[in-house]
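Chain nomenclature is as follows: A, B, C, D, E and F, assigned in order of appearance, with residue numbering initiated at 1 for each chain independently.
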């Protein structure tokens, strides 16, 4: 087994790599490394190595459907290639890794292009946490010449909202930052809400940074459109089979370093946003109702299942 | 004019005194001091001094109906006393100040007694921010032998939830602390919500720490009873006359010290909770629907108007 | 202590007397008997007897505010009469008992008269369980020449809906009976819902036969007016002081005689209907919003508190 | 019987007098005329004349609680005056008529003053139909130096929205007019809604121009405050006693002159707005929850009942 | 025509066979019998016999899409087989019957496996009526080592909830039984709701035992997940074409044997649950939003249309 | 370029042709004319002509997806035909035009047949504006022997509801016409709502005559089924790519001819109905949830994308 796989899994586990997209890239690169260094002699041996790599990578963190789908696809390509020589199989790993990364990049561009059209001139966009897909979309809207403002929450406990705020300022966008608790007071000023996603379930629900579900409810209460931007491959096929999407629980220290001893500090990283609060999922296939996500997956990425 | 009034107003303005109750006490004590040191020669002069003191105290902070009602009542007592001698009038200030403080204390006890009955054994109470009336109520429930847990939010930006958490721990109550954004995820574990109030409007809405309105909505979404505990004198008579309750906006530094220059950081201290989300206001008159608050005031404190 | 009081309390406890009104009447008659047979020599002794009687009667069943208010009022009349002679005091018991019963009867008539006006010609009234106040109202509407239909639920576990159905048929009203679970299917056919009450809380909620809360929700879902008919004295003053209205839990045998041994059969007799689902409380003071009930009580029956 | 009463009743019936306020004034003036021309010899005769006048005026139109309350009050003043001479009684009619008109005017001013405070600078006010109380309020806000816009519906079938639009333009207010069906599309642009009232029921519901109930629902859907401005004496005491507020149905010709013969054209003039959609009733007693209206009436105008 | 078909149809009509699954099995077996005993000489004659059998079976009961889909599929297989000999065609009936039954069994297992994952440890499952698919799922969860409780309604009029209760007890599950009307009071104790289905419409609505729609509404009110477990072939293709799913109305005697003569007793066996209240349909294809059911059918069972 | 295309585009622009279906037919006929008169010499030239024609027709009006899809399909057929001769290509235009018109007609019939089954005997259908697809459906229901009533709104500003009313009367249907504002008052009398559509978006929302969104909300409030009837080709593929459906804004004169000069009269022709208020879209594929529309399009008309 290539060392690269263990190293990648380790870095993912220790959160040295973060963000669904970055985690997926790290895993893909580890598979590429494995293919480059493999000492397998036969197709069978090579497939066994890949299978072990999959196990290690899958075990590295809980809520990472994009990474898992990437690994699934690459191994699937190898299996279906019909090649026998390890050499040839390694090349399939390499070429399908490149292909996956290219598609990922293309999806991001495509989502930005589609989503940017939803930003009307002189509108106010509300967002939560930091999502590179969301900020890419907003930067596209800016490039398209749209004038708009952004309201972002600070996003406790790790203040990712500050990253969003800085990126918006660097684009020259008028930006307001508020504490998470003030979302309801400022929702009335917003014209629409756009957030990212960590995972999408077979029911059409979206897993994203803790607080997203509340913001969706607040948007619903104030009759404001709420959009989720996401590559379709954040869909988690395990939810089809009944598994609950696991909600990672992180260190209490993020919330209160030096909290009193008997105090229970709970720190779930994500929450669930019900499909009924989501106007549309903006993905590489266009804007679709969350209710249709699993059928779209079936049509476009049937190998996921 | 007694120096004490200006000093008290200053301390209130600079937030050296905080909490509706403490602010009211500071103002009352200032009036007492004024009565003690007055150089007024006639009833007319004395009343003018009181009137000036009222102006100074009222101007010290925006959302303080309890303090204002205290000052209103004391001056009202003086005016209605029929006394002519400054001496006698000063005594009225002093005795009605004592009376007001005594009543305030009695209200707090009464609210604790009533509210504690709402805590069923083995239940989980959700609260937000820190309210001494709420923690007194919970300590009463504890003294009554109830076993219960508390979930409290950290309450950004100034983390008053940590004060609540510490008080609960010191009572021996099992306590969980979460970031504000996690309220929706933990609402399902709660049996009821209890929060304090800074002001009550004539429409029956409640002004309280930023985030309260969201928590009320979340309680409503999950069909959990939501109670506000409040002395009735937090009712703001100016809202009867059409004034909006002013929402104090505090320093951006509380939210992000050293924020990027062009970033707009908004920091409203309070928000509005709609009466429809409030199951009951627990006050010295018992548990009442928020819709009835102004009529109860009319019946019990007609001098407020 | 007169034997009559113990006997009455016993009969109430054993459910030989049922219905808020009948229970109140039984208690009143017991007080009258006590007054007739008292061996008290002094005012003090007589008052002590009354006080003991109150204790016994209050302990006989949990959710009976009308009976409690009746007892409260009669004893209150005695205390306030200023009389000293036991003879005279006994007469006060007797006269105020008569007065209470007369008022109760008048309330019922008044409610029927008011409520009957809400029945439009050719309308369909949905009701749940059996309430003599409701059926009296419907009989008044019939006497007023209104043509209407009634849909009634069977009201498990003890089928009181069948009593309602029979009374309606005997009035010549076209009547449909359904199982409780079919309420949602038939709500679309109804024009309004009218139910009785066992107790009203200080928050304006109504305690009534199990299932009432669901029917109120169903009426709300289908935008049908939902009325509660109730004498105001079903208001429970203990709820003002924070007490939860106790929900009597009755024998599992009512639900399933001979149920399997380890099966837990729960049989609460009542549930709570939120004030927000109640269009109006039809009482002797007219049709009022449930939110105003406690203030109306304060105005009309201040001795309750 | 003075001819003036019949003439006034006739003009009201034929809609030559319109608007709750104008109808009330016409009736009051008719009573004044009656008092001036009476040929009654005794108190009894005079009271009989008044009683007949009341009958005639009440019968002139269905939904006119303000007029009815005016007549009620004036006759009540006469009855309570204790005077015996017809001369003196006539003077009571005259003086109480003046008093009523003066109070009515004062209420209007008071409402304008209170309500104008609810118009924030740079806000957009949505209104429906034409109400002189509403436009007076808006003109007060303008005089107070507020900058605001108005969106008004055309208000089919008789286009009263055009009157509102013209008045707003004459005040120099930026005004937008839309068809009634476009209310939902423009609600998102509004900051608050203000409408008038024709009647208020004991349940706290408001009867106003057809379409008001829908606009209240739309405001609720979009989380916008919805205010009703109304003199408290538009409260209809008959609703306390169970009467439904009658909804006047006007000529089909208003809707479609020359409609096909078999077509049923329905033209109700008013509809009912549920109390739950009303943030506050702005009346001479301040801003109150609609749930409290009947208790406020009890406190301030007990003679209404 | 084989006697077996008439017999089966008769038994279905008389409710001697009950439950969607059992009815389907009975019909399939009847077709098998027909194939075994056929006297048809030609393909044409045999197909005619099958067609008649379909007519008879379809007419036997109203709401049985699973049975109809089974019959449709078997005949479809015969038609598409391209065989000419009656012998060979009869074999197709026989083999596709076996296949259908095998698939049905596999679906049930698959549903149990998927659904069991939704039962978290120490959770409380609420169910209504008796569904063998639901109890199989719960038994699977038990086998998987989950600890959970069940609350079940008695399910008037025929008390199928008692069957569920007994099955749960025999599994060693802590079980509570309540009257249907108590569902709202106990919903707060539940963590999720799982029910079966009799039919699914093209709109994504679910037809199930009377009362299911109410329970779904109650789950929605209390923000509890509501799952329907169902084989996809309970989808009724007639609803695509506009037909309403027929709601069988059963004998009044089930509700009240010996009801008064003029009393109308209505006894619909099913009601409709709106797709918006259903978190997911747990079927052999996984957990899917009800909105997607018809598209999944199109993908997986296109012959249904 | 054939003159016919410019003429058709002109007539569409000037609203001389109206209604999605008529506009589509006009465009198709223009393409047919172009094919008949073309002076193109080569396939390339011919395709260029078609492409120009597309540009001109698409530019003629904003919200016309049916016309656009028709043009798209015909050109697509030409491109895919593989023919080279202009003659042959022109024939493809002609034959596919006929085919499209035939399919359009068939869809209308199919929709009528399906939708008519939703009209139960003795029911009341509520509709808004005039849609030939809706009235065709109702006429089919009438032919099927159903007895039903229709309530229709007048549909300001151009009173298309009067056309609906006349058509209904000519069918012998009992018809009631109301002003748009009265929809909420009459919704309680309706059993279901059926309206047409101008466009369907990828999110599953429906664009239709201004006011439709409000009526959908009112139907939802009163728990009445709300159906949209529409050919699937009213789906607008541009919305998949993020474009907002353009809402045509028409002349203020339609609303108020001779409005005061400074008055802003806004006159949007359409509004958006959220998918959540739509029970089903009745289309040529049956009754489907709006959430599934884009997937059904993908399955049936993949060339649209």
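Here is the rule we use: contacts are C-beta pairs under 8 Å (C-beta built on N, C-alpha and C of every residue); 3 or more make two chains touch, one makes a residue touch a chain.
Since we're looking at a predicted model, the values are computed, not measured.
Engineer: Can you tell me the least number of steps between chain C and chain F, where a step is a move to a chain it touches?
Structural biologist: 1
Engineer: How many steps does it take, at the fewest, to get from chain A to chain E if each step moves to a chain that touches the one before?
Structural biologist: 1
Engineer: Scan A-E, C-F or C-E for the interface that duplicates E-F, counting it as a duplicate when over half of the contact pairs agree by residue number.
Structural biologist: A-E
Engineer: For the two copies chain E and chain C, is the contact made of the same residues on each side, with over half of the numbers shared, or of different residues?
Structural biologist: Same residues, largely: of all residue numbers at this interface, over half are found in both copies.
Engineer: Compute the distance, rounded to whole Å, between the mean C-alpha positions of chain A and chain B.
Structural biologist: Roughly 43 Å separates the two chain centres.
Engineer: Report the inter-centroid distance (CA atoms only) between chain B and chain E in whole Å.
Structural biologist: For chain B versus chain E, the centre distance works out to 58 Å.
Engineer: Taking the mean of the CA coordinates per chain, how far is chain A from chain C in Å?
Structural biologist: 58
Engineer: Can you list the chain D residues in contact with two or more other chains?
Structural biologist: 221, 276, 289, 291-292, 295
Engineer: Can you list every touching chain pair?
Structural biologist: Pairwise, the chains that meet the contact rule are A-B, A-D, A-E, A-F, B-C, B-D, B-E, C-D, C-E, C-F, D-F, E-F.
Engineer: Would you tell me which residues of chain D are touching chain C in their complex?
Structural biologist: Listed in rising order, the residues are 202-204, 239-244, 275-276, 289, 291-292, 294-295, 298.
Engineer: Tell me, which parts of chain C touch chain F in their complex?
Structural biologist: These residues of chain C touch chain F: 188, 221-223.
Engineer: Hey, which residues of chain F end up touching chain D in the complex?
Structural biologist: Going by the criterion above, the answer is residues 153-157, 162, 165-166, 169, 174-186, 209-211, 213-214, 217-218, 221, 255-256, 259-260, 262-268, 271.
Engineer: Under the touch definition given earlier, write down the residues of chain A that touch chain F in their complex.
Structural biologist: Residue positions touching the partner: 113-118, 120, 276, 279-280, 282, 285-289, 291-292, 295-296, 299.
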